[in-house]
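Shared between the two complexes below is subunit A, which has subunit B as its partner in the first and subunit C in the second.
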Partner chain A sequence: MGIPEIEDAKCLLCFGYNGADSHPIVARRIVRGRQKGMKIICADPRVTETARISDIHLQLKGGSNLALVNAMANVIWKEGLADEKFIQEHTKGFDEFLKVIENYTPEYAAEISQVPAETIRQAARMYATNKPAMILYGMGVCQFSQAVDVVKGLANLALMTGNFGGPSMGIGPVRGQNNVQGACDMGALPNSYPGYQSVTDPASREKFEKAWGVPLPDKVGCPITHVPYRILQEKEERKRIHAYYIFGEDPAQSDPDLAEVREALDKCDFVIMQDIYMNKTGLHADVILPATAWGENEGVYTCADRGFQRVRKVVEPEGDLKPDWQIIAEISTAMGYPMNYKNTEEIWNELIDLCPSFTGATYEKIEKYGSVQWPCRDKSMEDKGTPYLHKDGIFATKDHKALFYGTDWHPPLEMENEEYPMSLSTVREVGHYSVRTMTGNCRTLRNLEDEPGWVQISPQDCQKLKIQKGELVKVLSKRGYCISRCLPTERVKPGAVYMTYQWWIGSCNELTIAHLDPISNTPEYKYCACRVEKIQDQEWAERHVKEMYNDIRTQMGIQPGKGARS
Partner chain B sequence: MNYFVKGNPDLCIGCRTCMIGCVVVHEGKHIFEIDPDSYTFHPKLHMVKTARLSVPVQCKHCENPACMAACGVNAIYQEDHRVLIHTETCIGCKACMDACPFGAIDMVTVAGVRQKDGSEKKVANKCDLCQGVAGGPACVRVCPTQALTLVTEEELEDLAKRKRMESARSTFCEVYHCDEFSYGGRE
Partner chain C sequence: MALKQVQTTCPYCGAGCQIMFTVDADANKIVEAVPADGRTNEGTLCLKGHYGWDYLNDPQILTKRLRKPMIRKGGKKSPLVEVSWDEAISYVAEKLTEIKGKYGPDSIMGTGSARGAGNEANYLMQKFMRACIGTNNVDHCARI
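After this line comes the complex of A and B, so read on.
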């Protein structure tokens, strides 16, 4: 499925995905679909822009995703709304799956999710009876310690209703950031070479060893979220990390439990940071390598729909900086493995020849068609790629059958308690992208929203805490605290607060927990216990925020007085 | 008749691109200047978000503007299908702001202009429908979901016609408990 197909679905189940803030361009398709009569079911603890225009808003309590998804499956089965023909012909494991979902009556899920049982029933009916139905999910699914299970749970819904393999159906992960799909495609993962070829598969390994002329390890590498542990606590000396090369990532801003991240970066013997602007991680780096930004370099991005797209240079980079690929090639050469690529196309050609599912996606073809969706196996211009991955219900397994996978729900790790009575979830806001490396340097976007950012909180909680809109407040968890501004909003429920993670001062990752999903190793950014405190001396707080901000800017070498007034 | 820009909350995603578009068009090249005093960020429309509503709010360019009636120095006038503020004449008395029933006017500083005592000059600020800008109001043009439209006299009349039609139909159907096609001369 592709982004443009969203608007032609008969029903959209938008689960833990806030398009208006994360991807306005995708949200546009949702709005247009709505105008065309598409039914919308939105599962989100907040009243997002999509929830606002939805037919059914499942305003669930954070951390109850799987209970809700399983209950929808329960209703679809019990009410005879499943596509039994599709299940029979194209899937396996349905009976085992039934045993799991049997317990998830809407009444049981209502207790966990705080969504009324009747609303769950209506949502299940709406999804199952409006075909084609599409599912979009975002970080509200992925950033929990039970994440992969929920993705599979959503896939179960699509499978049992036969919503796979055609236009405007299926399930779509709408990635957190631009080109996350591309990074995974290129093997920037601890367990695979480019093209999802496993590092533990001897045949793949031998192929890459032969092509690159070096022996390659046969073990899965270290996920980024394990790095602090491997620096600070690893007992086995052989496994301890001593050098950390970070590029296009700002773990000292974006990773959970920042105090631990800073300690790890400082204890690590050697840290290299390669980025387009100075950032929080750079403050802990031994070497900084300035790289070009988009618009200054060439390359290929992969869209959420597996489409490869060319990106082109529009301006010549100025100053002492180089494109990422050149920096990597020069470092590699200096370390004794010469890389002599002349341009990005040479790198791309080497890569596609090593990845059967990308082989057909030549620069020429991407140029001609604008986008080529993998798998694209043949270099002839006739092979235009694959719009539907599981076309006609033929899946990428040995027997071409999809596998049902049922699991039980479990709560997040750190629940509200006496000392920290509220839950914190990290979210996005439309003006600032990712860790604000780029948007924080854009004057008009900073004019709309600037440090220290906001904490979204229900009016009832504000009343209890005696805090008002715009007041600076302290937000604390077991791991740390930060200062943010109070934003009362009826769009959130009492007991839960929400913060965006890009602010240097209102840095909510000081609070978040480094508890990971066991399969994806993604942290539970969407749930930890916290407390909000009133600051009596507001004048002091305002001064303090300003001082902290100027301190960071000074440390980063940003000249005072430059840029928009803050 | 005066024109106005109308926001549609069914289409709006609350992104505030309209506010940025507004500033960019009114500030022109100043937005690229490093000196912070050469530039101000004063959108002439504002995103309003309630529990279940997101929509930008701006001047309705009233036919009998309360702001114009309230202005003591005749700084507000009508021209070219719109209500405008003459910012050089404006003394910042806030009477218009007070009079406007829609909250469409705010008081803003003028970039780089100081008064005798060194304080910044402040004047009334509101939507001018991008007067003198080719292509019409910037907010309408930049909105990613086409949630904003410029409502002209013609469109207002069309809209009224459509509504009158709808009204006729619904009254008719209420009386005869049928749709207009199955009426067939019944009394």
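After this line comes the complex of A and C, so read on.
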């Protein structure tokens, strides 16, 4: 399915996905769908913009996703709303799945999720009886220690209602970054070569060994979220990470438990940073390699719905910069593995021939059609790509059948307790992007929000803590603390607070926990225990925030008085 | 003033919106950004699409653009010193070769980038880690 089809669904289940803040253009499709009569079910602990225009808002307690999803499956089955023909013809494992969901009555799920049983029933009926129904999910599903199970749980709903393989149906993760799909497509993953060909599959390995002319390792590599452990705690000498080549990432701002990340970077023998702007990671890097930015280089991105699109040079780079691909090629050549490419198209041509799903997507074709969704297998101009991945219910398994996968719900790792009685979840800011080295350096965007950010908290909790809008407050967890401004809002329920992660001072990743989903290795950014404290001396706090901010800028070598802040 | 127009894909979220830029080629500056008719955006843009390119002008509001390769010559915590590309590339190559020799290929970790660099640079990064270093230790922020 593709982004344009969202508005033509009869029903949208929007789960842990806040389009208005993270993808405004996708959110427009949701609004347009609403105008066309689409039913909307929104599962989110906050009253998001989607929740405001939804027919049913499942305002669940954070960390209860799978209980709610399983209960919806339970209702669909018990009330005879499942598409038994589709289940029979296109799937496997339904009976085992039924055994799991049997226990998830709406009443049981209501206890866990705080959503009334009758509301769960209504949501399940609405989803199952308005076809085509589409599911969109976001980080509110993925950033839990039980994440992959929930993605599979949502896929179960689509499977049991026959919502796969046609227009405006299926299940879609809406990708947070411009090229997160592309980095996966290209095999920047520890378990797969480009085109999702497994490093443990001997035939794939042999193919890449032949193409690249060297023997290749057969063991799955280290996921990025294991790096602090592999630097600080790994006992086996040959598995300990001694060098870390960081390319276009800022782990010292974006990763959970920042105190641990900083310690790891400082204890790692050799840290290379390749980036466009100085950032928090740069304060710990041994070498900095300056690269051209978007707007100064050529290439291809893959957007969230598998569409390859061209990026083009808009302005000439100023300074002693090189494109990322050229820097990598020069290091490789200097290490005795020559890489000689004249331009990005040469690299592209090499890689599409190694990936059957991408082979047909030539530069010429992407130029002509503007966007080509993979799989695109044939180089002829007639193969324009594939809008529906599982067209007509034919799945990418050996027997073309989809597999039901039922698991039990479990709570997040760090629950509220006496010392830290509230829960913290990280969320997105509409005007800022990731670690904000880009948007924070855009004059119009930085005016929307600035340091030290906000902590969203219910008016009831504000009253209890005697804090008011705009006041600086201290937010603490077992791992660290930061200072941010109090934002009382009816959008959140008592007991839970929400912060965005791009601020240097209001840096909520000082608090977050590096506990991971066992399959995806994604951290539980959406749940840890925290406490909010009033700061009595506000004048001191305001001064302290400014001093800390200026201190970081000085460490980064920015001259005092430079920039719009002065 | 020589004006030119360039269409490209937005660098922010995964929606893949198309933007049409008007550029003053003599001054090497963007004059205007308007939505183009892409498959996913159909002539619309959000505020990041409209205004999110100003960082190319390096206004140093938050931090500053990196312009020269730099090395901490005196070890950890010492100041960064500007060097030539030749020196930076040989330094990186020597250090990585030394670490690989001493502790093996799995002692080196590399990342891809889900942002501006694009697919080709990600392909080369994983090829470098796998074929030149000899490890599958390559990953990126998709799981973050």
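Just so it is clear, the second predicted complex is superposed on the first by the 565 of 566 C-alpha atoms of A that agree within 3 Å, B and C clash if a C-alpha of one lies under 4 Å from a C-alpha of the other, contacts with A are read in each partner's own complex, and residues count from 1 in each chain.
Methods note: a residue touches a chain if its C-beta (ideal position, glycine included) is under 8 Å from a C-beta of that chain, and two chains touch if they have at least 3 such contacts.
The shown structure was predicted, so the numbers you read here are calculated from the model rather than taken from an experiment.
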item: Subunit C versus subunit B on the shared subunit A, clash or fit after superposition; value: fit
item: Comparison of subunit B and subunit C by subunit A residues contacted; value: C
item: Partner chain in contact with A:Val47 - subunit B first, subunit C second, else both or neither; value: first
item: Which of subunit B and subunit C A:Val315 touches, first, second, both or neither; value: second
item: Partner chain in contact with A:Thr225 - subunit B first, subunit C second, else both or neither; value: second
item: Partner chain in contact with A:Asn297 - subunit B first, subunit C second, else both or neither; value: second
item: Subunit B versus subunit C as contact partner of A:Val31, first or second or both or neither; value: first
item: Contacts of A:Pro190 with subunit B and subunit C, given as first, second, both or neither; value: second
item: Vertex subunit A, arms to subunit B and subunit C (CA centres, degrees, nearest 10); value: 90
item: Which of subunit B and subunit C A:Gly62 touches, first, second, both or neither; value: neither
item: Which of subunit B and subunit C A:Val430 touches, first, second, both or neither; value: both
item: Which superposed partner A:Thr444 touches (first subunit B, second subunit C, both, neither); value: both
item: Overlay on shared chain A, then closest C-alpha pair between subunit B and subunit C (Å); value: 5
item: Common interface positions of subunit A, toward subunit B and toward subunit C; value: 24-25, 28, 430-431, 443-445, 448, 562-565
item: In the complex, subunit C residues that touch subunit A; value: 6-18, 21, 23, 28-30, 38-42, 44-49, 51-56, 58-72, 76, 80, 85, 88-93, 95-97, 99, 102-132, 134-144
item: Of subunit B, residues touching subunit A in the complex; value: 10-17, 19-20, 23-24, 31, 34, 36, 39, 41, 49-54, 144-145
item: Residues of subunit A touching subunit B in the complex; value: 19-20, 24-25, 27-28, 31-32, 34-35, 47, 49, 52-53, 430-431, 443-445, 447-448, 489-491, 561-565
